Structure formats: C-alpha cells, structure tokens
Amino acid sequence: MSLLPTLIKACYFLAALLFILGLKRMSSPRTARGGIVWAGVGMLLAVLATFFLPDMHNRGLIVAAVLIGVSAAWWTGRRVAMTAMPQMVALYNGMGGGAAAAIGAVELIGYARALALVDTMQGAPLLSPVELSLGVLGALIGAVSFSGSLVAFAKLQGWMDKRFVFPGQRVVNLLLLAAAVVVGVLLASGHVSGPLVALFFVLALLFGLLMTLPIGGADMPVVISLYNAFTGLAVSFEGFVLGNEAMIIAGMVVGAAGTLLTQLMAKAMNRSIGNVLFGSFGAAGGEAQAIGGAQKPVEASDAAVMMAYAERVVIVPGYGMAVAQAQHKVWEFAQLLIKRGVKVKFAIHPVAGRMPGHMNVLLAEAGVPYDLIADMDEINPEFAATDVALVIGANDVVNPLAKTDPASPIYGMPILDVSAAKHVIVIKRGKGTGFAGIENALFYADNTRMLYGDGQAAAGQLVNELKSLDD
Amino acid sequence: MSLLPTLIKACYFLAALLFILGLKRMSSPRTARGGIVWAGVGMLLAVLATFFLPDMHNRGLIVAAVLIGVSAAWWTGRRVAMTAMPQMVALYNGMGGGAAAAIGAVELIGYARALALVDTMQGAPLLSPVELSLGVLGALIGAVSFSGSLVAFAKLQGWMDKRFVFPGQRVVNLLLLAAAVVVGVLLASGHVSGPLVALFFVLALLFGLLMTLPIGGADMPVVISLYNAFTGLAVSFEGFVLGNEAMIIAGMVVGAAGTLLTQLMAKAMNRSIGNVLFGSFGAAGGEAQAIGGAQKPVEASDAAVMMAYAERVVIVPGYGMAVAQAQHKVWEFAQLLIKRGVKVKFAIHPVAGRMPGHMNVLLAEAGVPYDLIADMDEINPEFAATDVALVIGANDVVNPLAKTDPASPIYGMPILDVSAAKHVIVIKRGKGTGFAGIENALFYADNTRMLYGDGQAAAGQLVNELKSLDD
Amino acid sequence: MIDGFLALYIFMLAAFCGYEIIARVPVILHTPLMSGSNFIHGIVLVGAMIALGHAQTPFEVTVGFVGVLLGAGNAAGGYVVTERMLEMFKSSKPGAGKGERG
Amino acid sequence: MIDGFLALYIFMLAAFCGYEIIARVPVILHTPLMSGSNFIHGIVLVGAMIALGHAQTPFEVTVGFVGVLLGAGNAAGGYVVTERMLEMFKSSKPGAGKGERG
C-alpha cells in the first residue's frame, strides 16, 4: 500500500472511531458538548480525506456543492428558534435520506449504462449481486425517508395542518409499497434500465409521502426518529456498495440507535410504533369516565404567597410552557424562590412536550442547571414531601386517569404523581384539553387550584408578586 | 461461493452473534443461565463447522485431542468444589493462553520451514508482515498468560504458599520482558528460524512465571482477570493470522471485557492494577492508629435471642464464611429468623471474599434467593434502621479505619457501614486480622459483641439456640 | 470491494455498538441525541462525493451534485443544531465535569 | 486473508461491544462473568484445530495436538464451571424472569 491511500483509510478509520466515542460522550450532560465536537472532527477528517481519493473527477463541482450545502444549512441552523428544532431535525434527516437515494441512483444509472455497453460481451458487471441488492434496498429506504421527512417537516412547520385521510388509504399505501418492492427486486436481479430506475424512485418517493400524510402532527417526533433510523440504514447499505467502511459503521450505528430511540419514545407514550404509524390516535376509545366537582381558580398573588412560604416546590412543565415560550419567566420565578430559601426542583416527564427531552432543551435554554432537573422515577416518591407542585402547561403527563380509567387513550402511561403534593397549582389558559384530548381529573381535585392565563403571562405575574413581597 | 464454505462461514458468524448475545444475557441474574447456554451453542456450531473446512489433515488426531481435552475438563469441572472456582478459572484460562501460543508456534515454525524452502527463489512468504507481527504478539501474550495463570492456579490451590521474592527481582523481570520483545521484533521482521522461535517462547514463558511469583495469593483474582483479558487478545490476534473472524471478535470482546472487569475489581479495592502487579501490599504503610477499649464477647444463646426478637437483621458475610464453608448453616439460620417474622437481608461488599462476587456465588450455592441480597450502595443507608448486623468472617470490608485512618493500607476503600446498626455481632475465630493485616476498630466499638468460633460451628450454634427457643 | 461476510460482521458489531451506547442515554438528552445521530449519518456526504466524483454522463453528474448538496446540508445542519442545543446544558455546580472532560 | 484496515475496524467494534456489555453487569455476577468470558475465548479451540489440520512436520503436529488439547480444555472447562455457578442463582419469587427468558 502506498502512503496516500493508507492515509485516507486511516482518516476514515479515525472518523468511525470518533463517531462512536462522540456518541458515547453524548450520553452524559457533562461530556455531551465535547461529544459532538469529537464527532464533528471525525466528519471533517472523512470529508477532507475523500477529496484526495484517486480517480475522482468533477472536483470543482464537488467543492461547489459542499460549499453551498454547508453554508445554507449552517446559516439556517444557527438562526432557527429553539422551538423549531424538531422540524429542523426532520429537514436535515430528509436531506440525508435524499443523499443516500442519490448515491443509489447514480450507481444504478451507471450500472444500466455499463450493462448496455457490455451487452453481448461477457465479463462481470460492475457490481456483485449482493452489492446491487443492498444498493437498491438502501435507495428504497433513503427515498422513503426523504419524502417522509419532508412531509414531517412541513407539518411541524405548520405548512400542512390537517391530517390527510381518504377511504382505502391503507390499501393504496400497501399497493404502492408492494409495487416499489417488486420493481426493486427486478432491479436487484440485474434487470437495470433507465425507465425502470425512474419508476422505482417515483414509487418509493410517493410511498414515503402518502405513508406520512395521515399521521397526526403531534406524533411526528416518533416518526422523525424512525426516519432517522431509516436514513442510517440507507447510508450503511450505500456505504457497502461504495466499499466505504466509515459509512457502513456510522450508518449502522445510527440505524440501531434510532430504532432504539423510537422504541423508547413509543414506550414512554405507552403506544406501539405500529399504532403511531397506522393507528388513528384518540379516535376510538370507550366512554370517558365522568369527573365530578368543579375547577377552583386562584389569584396569582395567593399562589405566589403559597410558594414563597413553602419549603419544597416542584415545577412540572408541559407542552403549554413550550407554546407560551414561558421557560425564561419560569426560571426567573424559580430563582426568586431559591433566593428566599425554598427548595425548588423541576420534574420532567419523558414525553412532556412534543418530543422526548423537549422540556430539558427549553429549560437548558433558559439557563436552568441540569442538576435541578429530576426525571419521573426520581421525583415521584418525593411529591409526598412537597408543599406545592406548580404545573405549567402540562396536562396528559399529570392526568391521574392514566392510572384509573382503562377506557382512556392514555391508560397505562406512567404519570407524574403531582396530586400527592400538599397543594397543586396549575397554570393553563382555560379548560382546553391536552394532546390526548381528554378531561383531567387532577384539575378537579380538592388540593388543586387553577391559575388561568397564558403561561408566560402567568409566570410573569408570579414573578412580580414575589418581587413585591420582598419590597 | 459454493455451498459448504458458505455454510461454514455462516456457522462462524452465528457463533460470534451468539457469543455477544450470550454475554448480554449474562448481565442479569434472571437471564444469565440462558446466556451461557446460547454461547455454548455458538461454540458447538463453530467447532463442528471447523471439522468440515476443506484441506484439513490429521482429522483423526484432531478428534482424539478434542475428545481427551473436553472429557478431562468436563470431568474436573463437574466435580470441583464451589470454593475452588477461582483456581479452576485460572487453569482453564491458562489453557486458552497456551492454545493461542501453540497456534502462534505452529505458524512460526511453518513460516521458518517455508522460508528455508523458498530461500533464493522469489515469491511472497506465507504471511504478510501485519499477519506475522500480530501472530508474534499473540504468541507472546498467550505464552505469558499460560505460565502466569498456571502459577496463579498453583498458588490458589495451595501448592505454592509463599510469595517468591528476591532482591533485584523487578530488574530481572524487566530484562526478561525486554529480551522477549527484542526477539519478537526480530521474528516479526521476518528473521524466523527454529532456534529463535524456541528462544522466544522460553523467554515469554519465563517472564509470565517470574512476573506472577511475587504476587500475594489474595491478589490472584485481579491477576487472573488480567490474564483472562490477555488470553482474549492473544486469541483475537491469532484469529487474524488464521483469517477467522469468529476468533477475532470473540477474543477482542473478551479482551475488552476482561480489561474492564480488572479495572472494576482494582477500583473496588481502591488500588491500581500497577499496585497489584508490582506493589508489595501492606508491606509499607505508616504507623497504625492505636485502638482503645476491649473486645466484648457474647454467648451464642444471647446472640440468638437478640436476633430472634429483632425486627431487621442484616447479615454481612466475608472471607471467613468461605473458609469455614458456613453458607449453608447461615442460610438455615436466616430462614429460621424469617419464619419468626424477622426481616433478613444479606449485604455484600464488592470485594468481600477473595474474588469479586465470591459471596454471591457461595450464597447462591446455599440457596439464598438473589433478591434477599443487597449491594453496598443499596444497604448502607439502611443500617441506621437495622436492629442487628451479623458480621460473619468479614473484617476489612467493615473496617471503619478505611474512613478515618489515612495511614491504613485500606484507607479510601468504601466499606459497609455496619456500625450504624443498633447492635453488631461479629463471628470470627479469634483476634486474627483480615487480608490487609490490620486491626479493626469495629470490634472494639460499644455496640459490638464478639461471638468467637469457627464460622460454621458458630452458625450451627445459633441455629440450635433458635430452634430451642421455639420448643 | 468488501466480502459479504465481513460486511455482515461489521453490520452486526456496529448495530450492537449503537444499541448499547444509546441504551444508557438519559431521557434528558434524547432531543440532542436524536439530532446528534442525525448528524452522524451525515457521513453520507462522503458517499455522495464519491458518487459525484465517478459520475460520467451529465445526468449522473446532476444527480450526484444534488446528492452532495443534500449530504452537506445533513452534515452541517445536524452539527450546528446539535451543538447549539448541547451548549445550553449547564450544571449549577461551577467546574463540575471538568474531571470527566479532560 | 483479511485486509488490515478491515481487521482494525472489527477489532475496534468488538472491543466497544465487549466494554459496553460488561459495563452493565452487576457485581453479583462478576465471578460467573469472569468464567463466562473465559469460556468465550475457548473459541481458540477452533484456531488450534485449523493449526493442527495444516501442520506438516511431526513437530508441528505435536505442538498443534497440544494446542487442541488445551483449547478443548479451555472451552469445556469454562462452560461447565460457568453453567454450574449460574445454575445456582435463584430468585425467591417463583416464576420470576419467565417473561424475560422467553
């Protein structure tokens, strides 16, 4: 082996190593930042090495495309709001799937061209049967991930609000998939021609589109995570076709990681992945349990006093905090309490908000140190010793019906046990229901008081009341 | 690819997969038993497949050697006492290292023969430089693991009681290693000849021997775990030479796992691996802290009554329980207590006994269900609510000096907090010290009573006293 | 070209690595982790570069160009977004984690 | 023959797998785990069989024979001992773990 190819191979190896080490570091908040930097260095190495591969043409075009792609993504990525993260992830993921599909397309077109050339001449075709099959499979998965992710992006961005449903939809989708698979098998068995390749991609893209359209907007994070795993697999398979181990490994690692993440997410919502993809959530469900009593409102001033003189306060944020962008005000309020000697903790349910870890990212943005944040298993035993639980914009994740009402769509989902606290204060705008669209028995409990209002406004009132207490 | 080679390769792949899945299952007591069976199936597949490899000679000899080796090991493995497990592991591990070294030897001798044949003829030698180097490295590591493990076996078996020390030992060992490495580099650079190969193995074996001789018997588990990792690496490297992926993967997995286990063990003893290998434990150390007061003995009858009427009893076993083979009597006693309504738990320190998990294996042998067994982090906060802590044959792992006396050799080792219990009863034969050879302040504490006697005898007395209470 | 069985071994091992590593990540980091793993499959950029580098007809070049564009977007966007999120995670104990970071 | 870089990839991935899997094992299982991993490197038996199968001179055959003998001892002994130990671990809740075992 001469020097340059060895160096290039070493770069790829180092990249794969750095990816794995980086992912490992991402598993603790203390080392996570370093982890992404390590992985970034790996990516840089791999990309630089690729420029120096022998036999590369179109170098100018490559540089141009890289520069355009990187700067556009960098620019949007830097300025997008934290709340828009889910759709950005969907967008970038779709791009990755599209790139994998493009690689597959180039390989297939090249194969068709080579086939036409050799024609009657004997001689092995460019790709082995295994390579051809994996290439086709990767292209299929990549294309589905591409169009599916773009739909997810559009939905989360608010460009496509409604669920798109029509009778017989599932049958149509199934037929589309079957057609794509049949064409794929034809291609993989060596019958590669321009029109067939085109048909293949049209079918795959259409399937991704139609499969994602009927899924409700709030289920999108699960779907995005699934497509993330898809793209990983597609990249891995195309890496095999190109003989590039770094791609094989990185792609497969993401494929496995994404699959696991998707499962964890679905499990935390107490649903199956199949139910997310094909079920119509909340549409069915038996008679809801009737809830007696009335909601008891409270003034911001009284609520502030209750917490100012409490010993322990636990703050439970939910999707409403994200909508109201209230995290900064909430942290300001918490800091005032802490200054008064109150022990404050934040309690986060695994599926609070609209993507896993959603609340953690928002609180981190506001500057809440992560050691003040407790997860469900940690905090649930502590509610009994808590004076005030302040629920802000959360609903389903604190709904006791999940424990008591087998007919409810969230039955069986573990919840934050706020009702065990001495007092509960709930901030929300009115009598709106949460994601699952059901009533919440907590709001009618004896020890619960409702503080109606927009999350940010209410938190601001609490801050002001607390400040006036100090004057 | 024709059918047979593909089938053989598939068997190897399946074996590697089953090894990894098996190891994964071994990480929980509920699935562990299944895990070893899975790994066993993998091994069977791999061995059977190897018989059908093309170009294999000496098949009769192979079958004979396999049958002899398997039946001898099976026979000894089935009848050896549970207490002898550490040395058996050492023995089998040494055999693996020896086998890896033998593979290396055959390859090297074959290489020398081929070299003599080609001589002036050009033509590539049998092995590439990378293969040759890794083959030599594997042989070195394997040979060291072989002789080292045999010494460890002999020590634990009691055949070699004394530490073998002489002045300048470290220098001699270092010179031996250096010589082995130099010869190894010569071999790896292609200067392979019969005498040099012989010299290489003599040096390597001698180094393993001399390096292990000065290490104290009780440090052996750490050393065995280290040699276990060594053998894994040796197997992995020889697997590369033979082009066998199952060996590469299985060996490397064990290499990494063994390294981690060794570190965990050393950490639990609050020592470094270097200190275990080269330090003379307990030899140094400053002035020991003087302990005031006297040990207060107790009668078995009084001790039995105390525990019979207690609400919570925690039993802390140590090396003495293993020596006395008292686990059966102890469990009998615990069962009698449980029948009387006493809440009984067993508390296990990570390095109680002479190998990690030693006590767990013994208690499991006696039939103690693993959910009655708590580890250190779990049980330490509970001692304050414990009426009686019954220490049986443990010493260092309950020595409060580890917390208070910076001069003590075990300073900094986390301990079981038994002195927080209302009463402490300690069963031991007399005033003997533990592994670290130091006094124990616990035995002089106000709430401690000493029940002198052999562990098994004392536990038997307690059982009898308890039974007579019921009559 | 990589031998099929070798690829199978690499697939298997990589899948185990990914699974085991992610299985330990606390929920608090799931969002950045999703975008972090999203970044890592941005390595597809390398593949797209190779594809474009070997493209011959204008059509192949066009498809390859789009592939590189998309791949670059995946890699760069994934990185920026992940880094921005992780940057925000802080401990209240100043200096905590210095040891583990070293 | 396996290409050096491919081997490097497999070494690295296998090492990560081993490390990650073991990092989760509770102390209670450390002794059986030590002997279990001891069993797994018993795969050296396969290598010794190949070496003996290709040995040509009587000396090589002898060394190969010893290798197979030792390797077989490692594999069989490691298995028996580990299985005996693990067999003893029982829960007080009858039927516990049935689910996970299935």
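By letter and in written order, the chains are A, B, C and D; residue numbering begins at 1 in each of them.
Definition applied: a residue touches a chain if its C-beta (ideal position, glycine included) is under 8 Å from a C-beta of that chain, and two chains touch if they have at least 3 such contacts.
Composition by chain, UniProt nomenclature: A, B = NAD(P) transhydrogenase subunit beta; C, D = proton-translocating NAD(P)(+) transhydrogenase.
Here the structure is a predicted model, which is why all the values come from computation and not from measurement.
S.K.: From chain A, which chain is the farthest off, judged by mean CA positions?
M.R.: B
S.K.: Which integer distance in Å separates the CA centroid of chain C from that of chain D?
M.R.: Each chain's C-alpha centroid was found; their separation is 33 Å.
S.K.: Would you mind pulling out the distance in Å between where the CA atoms of chain B average out and where those of chain D do?
M.R.: 15
S.K.: Report the inter-centroid distance (CA atoms only) between chain A and chain B in whole Å.
M.R.: 44
S.K.: Distance between chain B and chain C based on Cα centroids, please, to the nearest Å.
M.R.: Here chain B and chain C have centroids separated by 39 Å.
S.K.: Please output the residue numbers of chain C that touch at least 2 other chains, ranges allowed.
M.R.: Residues 2, 6, 9-10, 13-14, 16-17, 21, 24 of chain C touch two or more partner chains.
S.K.: Quick one: which residues in chain A touch 2 or more of the other chains?
M.R.: Only 20, 245, 249 qualify.
S.K.: Which pairs of chains touch each other?
M.R.: A-C, A-D, B-C, B-D, C-D
S.K.: Which bits of chain A are touching chain D when the two form their complex?
M.R.: Within the complex, chain A touches chain D at residues 9, 13, 16-17, 20, 245, 249.
S.K.: Using the touch rule from the top, collect the residues of chain C that touch chain A in their complex.
M.R.: Touch residues, chain C against chain A: 1-2, 4, 7, 10-11, 14-19, 21-57, 59-61, 63-93, 96-97, 100-101.
S.K.: Would you pull the chain C residues touching chain B in the complex into a rising list?
M.R.: Those residues of chain C that touch chain B are 5-6, 8-9, 12-13, 16.
S.K.: Which residues of chain A touch chain C once you look at their complex with the stated criterion?
M.R.: Touching chain C: residues 15, 19-20, 22-24, 26-37, 39-40, 43, 46-47, 50-51, 53, 55-59, 61-62, 65-74, 76-78, 80, 82, 85, 88-89, 91-93, 95-96, 98-103, 105-107, 109-110, 113, 128, 130-131, 224-225, 228, 231-232, 234-236, 238-240, 242-261, 264-265, 268, 348, 350, 355-358, 360-361, 364-365, 367, 369-373, 375 of chain A.
S.K.: What part of chain D is in contact with chain C in the complex they form?
M.R.: 2, 6, 9-10, 13-14, 16-17, 20-21, 24
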